[in-house]
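Scrolling down, you'll hit the structures one after another.
Paired with subunit B in one complex and with subunit C in the other, subunit A is shared by the two complexes that follow.
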Partner chain A sequence: MFETGPNWRRDVAFGAVLIAVLIAIPFLGPSRYFIGQLTLFFIWATVVSQWNLVFGVAGIFSLAQMAIFAFGGFATGMMGLYLGISLWFTLVLAGVGSILFSIIIGLACLRLRGPYVALLTLAIAQVMYLLIITDTACFYMEGVTCRNFTGGTRGLAKFGDFGFRELLGRREYLKGDYYLSLFLLVLATVFSFAIIRSPLGFAFRALRDNPEYGVSRGLSRFKYQLLVFAMSAFFTGLAGGVFAGHFRVIGANVLSLPLLLFLISMMVVGGLGRAWGPILGAALVMLADEGMKDFVEIRNMGYGALIVAIVVLLPQGAAGGLEQVWDWGRRQVLALRGGADRPAAGRAGEGRRE
Partner chain B sequence: MERTASEPLLTCQGVDKYFGALAAVRDMTFDVFPGEALGIGGPNGAVKTTLFDVISGLNPATAGSITFDGRTITRATPDRTCQLGMARTFQLNAGFDTLSARENTLIAAYFGRHNRLVPGMRFDRETQRLADEAMEFVGLDEVAHEATQTLPVYHRKLLMVAGALATQPKMLLMDEPVGGLNPQEIDDVMALVRRLKERGLTIMLIEHVMRFLVRLSDRVLIMHHGEKIFEGSASGLVYDKTVVDVYLGEGSSRRLRHLLEDQPSSDEGASGAP
Partner chain C sequence: METVVQILVSGLTLGAMYAASTIGLSLVWGAMGVLNMAHGALLTIGGYASYSAVLHVGLPWYLGLPAAMIVSFVVGLLIYHIIFRFMYRHPAFETNVIIATVGLAIFLEQVTLLIYGAYPFLQPFSIEEGFFVSGVFVRFQNVVILVLAVATMLLVAALLSRTRMGRAIRATALNREAAQLMGVNVGRVFAQVMGIAGVVAAISGVMLSSITTLAPTMGYDPMLKAFIICVIAGLGNVPGALIAAFILGLFEAVVQFAVGVRFGFPALLLLVIIALIWRPYGVFGRRQVRRV
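This part shows the complex of A and B:
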């Protein structure tokens, strides 16, 4: 099976229902914990949806996504703290800065292939991690307390938030962050759908499948590798900024290996390179994680078992599996309706399929 | 075609290619004229494929100069040479395996014709038309929606030609278009190349199947150890002592001579490869 093509109408309908449900949820009186977890889900799904462009669609094994996320988060927080400007403003600046940061990483990876890209990008994230936790120099004094430039091991704080506390009050402010991150996820997802299904998405996949053949058909590897790094960075950086503003603190722990693996498993479980993969994967992995919260002893094991099961039973991920079920279902319907259609009818009936 | 009239479409002037200290291509100088088919033969490892890599920019020349359609392309990247009108096929079955056959050709039609500064949101009508035309021309329209990785070798070879054609090339570089095919398929590809020539396309083709090479080529160039050891008409080939010695061998050259004297013969053809 390969991704046969878009089902725009189905996707828009499904997306609209999903958004409507998610908009309604805060009005149904959920717990603060539930709202908080969904907010985190929106943030992680945003990151995974952009990482999927580089890793799944373009097939570049970059592990730099959380470094870009951290860049966005720290840039948002630091500018807020040191320049004293609104986080709304620094958020956008940080998003743009993330693009430049990612392009530099893309440039560094240009001559590397496969696992070497993974090694280099992981090293970049580790260097960032070390730079932050070894930052002990006093950047400024707060009373008698010495504060580090990056926040050091304690994390960067006191840069404020998005103002929902003032606007909505202490009880309701979580809903502000909820809708903000939902909005971010919707934008990021629409963006990634558009990329995946445009000629650009095909260019990325073509260079992934066969770079030599790709360049011989007019695709510049230089241009499209830098483009995919640039394009996947903006919403990732914004997600980092929203994360920082939501928790009112950002630390080196966002660069930790367990978190990286947590997110990569979302991508794998959802289905590498698949448009619906990131959202499905993030939801499944977070649900599994949630379900095992009370069983600390087996949590890691159960979580590993889920990933093994998906990789073995559904190598295309959850999104790939659902796609197959969908195709099968539609064939049944067409067969019932049309009778004598050829097996390929499901495909032909759809019309345009690219 | 317009052979007498014109300037060469492609000129290689003293082209060298070194891999470190290893000289691969050595002092290659030749012209290819518009509308002509130049066949390239030579033993395994004669550096034929590498010559294509050098010309198309995949592995640029170390010295010398290459001009195509009035432009110097010695250092041009392969995506650029493609957009300038030089399309190639590969000896091994190259393609975008996870995409459908038609998507392979669409990509070529969209990105291969000219530089897309900012790619659009969808494949435009013109691109779709060119891709569908190319698929039909090579006879792949029936399998257009199949996954490339599931196609048989013959179809994969044709798909490379379709992709090349969709870029609207002035010149086609074909690397062993019939390698690994059965006699019937070879005849079908031969007919396809004839139709390409009728369209006025300039062709350079590498082939070990001599029957294919001599019947389709207006001129033949034989390489050995990265050097040109023969350039001239196909009929002159079998009388050239060096070519017979290093490449064809006595038996094959005799069969080839018969083939050339008796064109419509159904002789199985001399495969020059040792």
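This part shows the complex of A and C:
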């Protein structure tokens, strides 16, 4: 069923080691700040892994990922606040709702091609942003203060969290969020690997690399693109919900341009369409972000320059670069062993964008 | 009557500004296949350049605009020489360049923020006086904006249709390889297009800031609207973009007046989505048939 790929065992082994290390980290007594940053890393990497399916693998220029993320976050928070149900429950509802939301966006945008999709999805995100921050109508009164339906400029708060505070206590509750978001990232990554290496993944890539040929072999462009759009929305929406529950607040700032850029840079730095790209990219960009913490003023400038430099100098991203190094290393090892079953392809790593 | 005049004035001014922002975007797309997400930043640079030329250099206010045009022209050329020049031969150019210009946009915005801060300065290239049309006060600035926008369009159109440079640009837009084979220096055409786009962006940036204020992010909103206009008109279609700009400007003014200011942009977007479901290649765009 699945094309396991030449490096299947490497991927599984690497993934298992990574998960083991990440599970162990909270027991080594790190600072609360470190745990918090890693939690955020899991959330962003989840979003980027799903965005990569749409943008990198299926080749749709969608900038709607943060709109879907915001939808998941706001849906989780609003249902928690207005219906008074547990966030665990609203989180799942929000994930399903995100699928529907993305299908609506997809129906409007996916008839278009290439840059038109980028324009329209960006405009949709901007409209959401504007409608939220200009929301001044009173939805309910809290004492004498007026609260807006969407939270307005202040953001939506007071919808509770995932209950780790009661369960683990004030000092330890961050670990609950940590494991929850790690679990989410693992699921999302396994999901994206499965998609990339399944027949569906081939269809997406065919429509990306040569749409005319794909269509003439019987693939419906609209159907498959809508499918990948909807599939990637579920974990994106869940990530939004986890984000809202972790910070106990969600605001229009998740739709801001700098954050969008932050996540695009993760995708680009990691390598568009590469299976390991999102995790690698999210880690590298967040590390760079830590490094630039003391230079708040030039931080965004740094991202901007970084993105330009990566696109110009290393279009296949860090994952692509590592892949080349890996293939080179493997060839050297095989050559040392006698070189009888040396792979024929000279530069195997280059063209293999997943 | 007063409301009609008011809506007309604000609608035509909006339309003129959208049209001017759209020309540059549409030209760059048409000639190079570049979706320039940094176009808004060019607008902003133009606006601040005019401010600096008057306030810091000490030029008279009416020289603000020419100064802005020169500065944005240079920035446009630099963008080509520092970034696009190394990218346009790559097969994935059209994707990569979008991401690169997003990065560039943030970079330029931050530079502006660093130099000028977030304080909303007033644009010196502005006329406060005005006149009355059936009881409605109309600033001369609105007239200047309309005249400037129309003049810019005519100039760009003349440049494209009457000059050697324009012919080379049109040839490149039509078929880059064929143009190259006929001896057109494609790199130089790209540089020229970026320069023109810079000049046009500066004009719309100065006009825009003259009726609002200067801000490092001021180019973002008109750029999005210019995008929408391009989408409606079909990317790369300059005359279609102009008609669409004025229609959408008037539409937005009507919605802002009738429903509320905050629904102007959402209504615009809704209109565009409906239009696109009806005609996926733009209202004035033609379906592109590509040979396999």
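Observations
Rule of thumb we're sticking to: the second predicted complex is superposed on the first by the 321 of 354 C-alpha atoms of A that agree within 3 Å, B and C clash if a C-alpha of one lies under 4 Å from a C-alpha of the other, contacts with A are read in each partner's own complex, and residues count from 1 in each chain.
Rule of thumb we're sticking to: a contact is a pair of C-beta atoms (placed from the backbone, for glycine too) under 8 Å apart; a residue touches a chain by one contact, two chains touch by 3 or more.
These numbers were taken from a predicted model, which means no experiment stands behind them.
Shared-chain residue A:Gln126: touches subunit C; no touch with subunit B. Contact with both subunit B and subunit C is seen for A:Ser216 once the two complexes are overlaid on the shared chain. In the overlay built on the shared chain, the residue A:Ser86 is in contact with neither subunit B nor subunit C. Of the two partner chains placed by superposition, only subunit C is touched by A:Leu257; subunit B is not. Applying the stated contact rule after C-alpha superposition, one finds that A:Ile307 touches subunit C and leaves subunit B untouched. Taking subunit A as the reference chain, the count of touched residues is higher for C when subunit B and subunit C are set side by side. Residue contacts after overlaying the shared chain place A:Ser198 against subunit B, while subunit C stays out of touching range. On subunit A, the surface patch touched by subunit B in one complex and by subunit C in the other comprises residues 212-213, 216.
Of all residues in subunit C, only 29, 35, 83, 86-87, 90, 92, 94-100, 102-111, 113-114, 217, 220-221, 224, 227-228, 230-231, 235, 262, 265-266, 269, 272-273, 276-277, 280, 290, 292 touch subunit A in the complex they form.
Residues of subunit A that touch subunit C in their complex: 59, 61, 108, 111-112, 114-116, 118-120, 122-124, 126-127, 130-131, 134, 212-213, 216, 257-258, 261, 264-265, 268, 272, 297-298, 300-301, 303-308, 311-312, 315.
Every residue of subunit B that touches subunit A in the complex is listed here, in rising order: 56, 58, 77-79, 82-83, 87-88, 90, 94-100, 102-104, 106-108, 110-113, 115-116, 119-123, 145, 147, 149, 163, 167.
Of all the residues in subunit A, the ones that touch subunit B in their complex are 1-4, 194, 197-200, 202-203, 205-206, 209-210, 212-220, 344, 347, 353-354.
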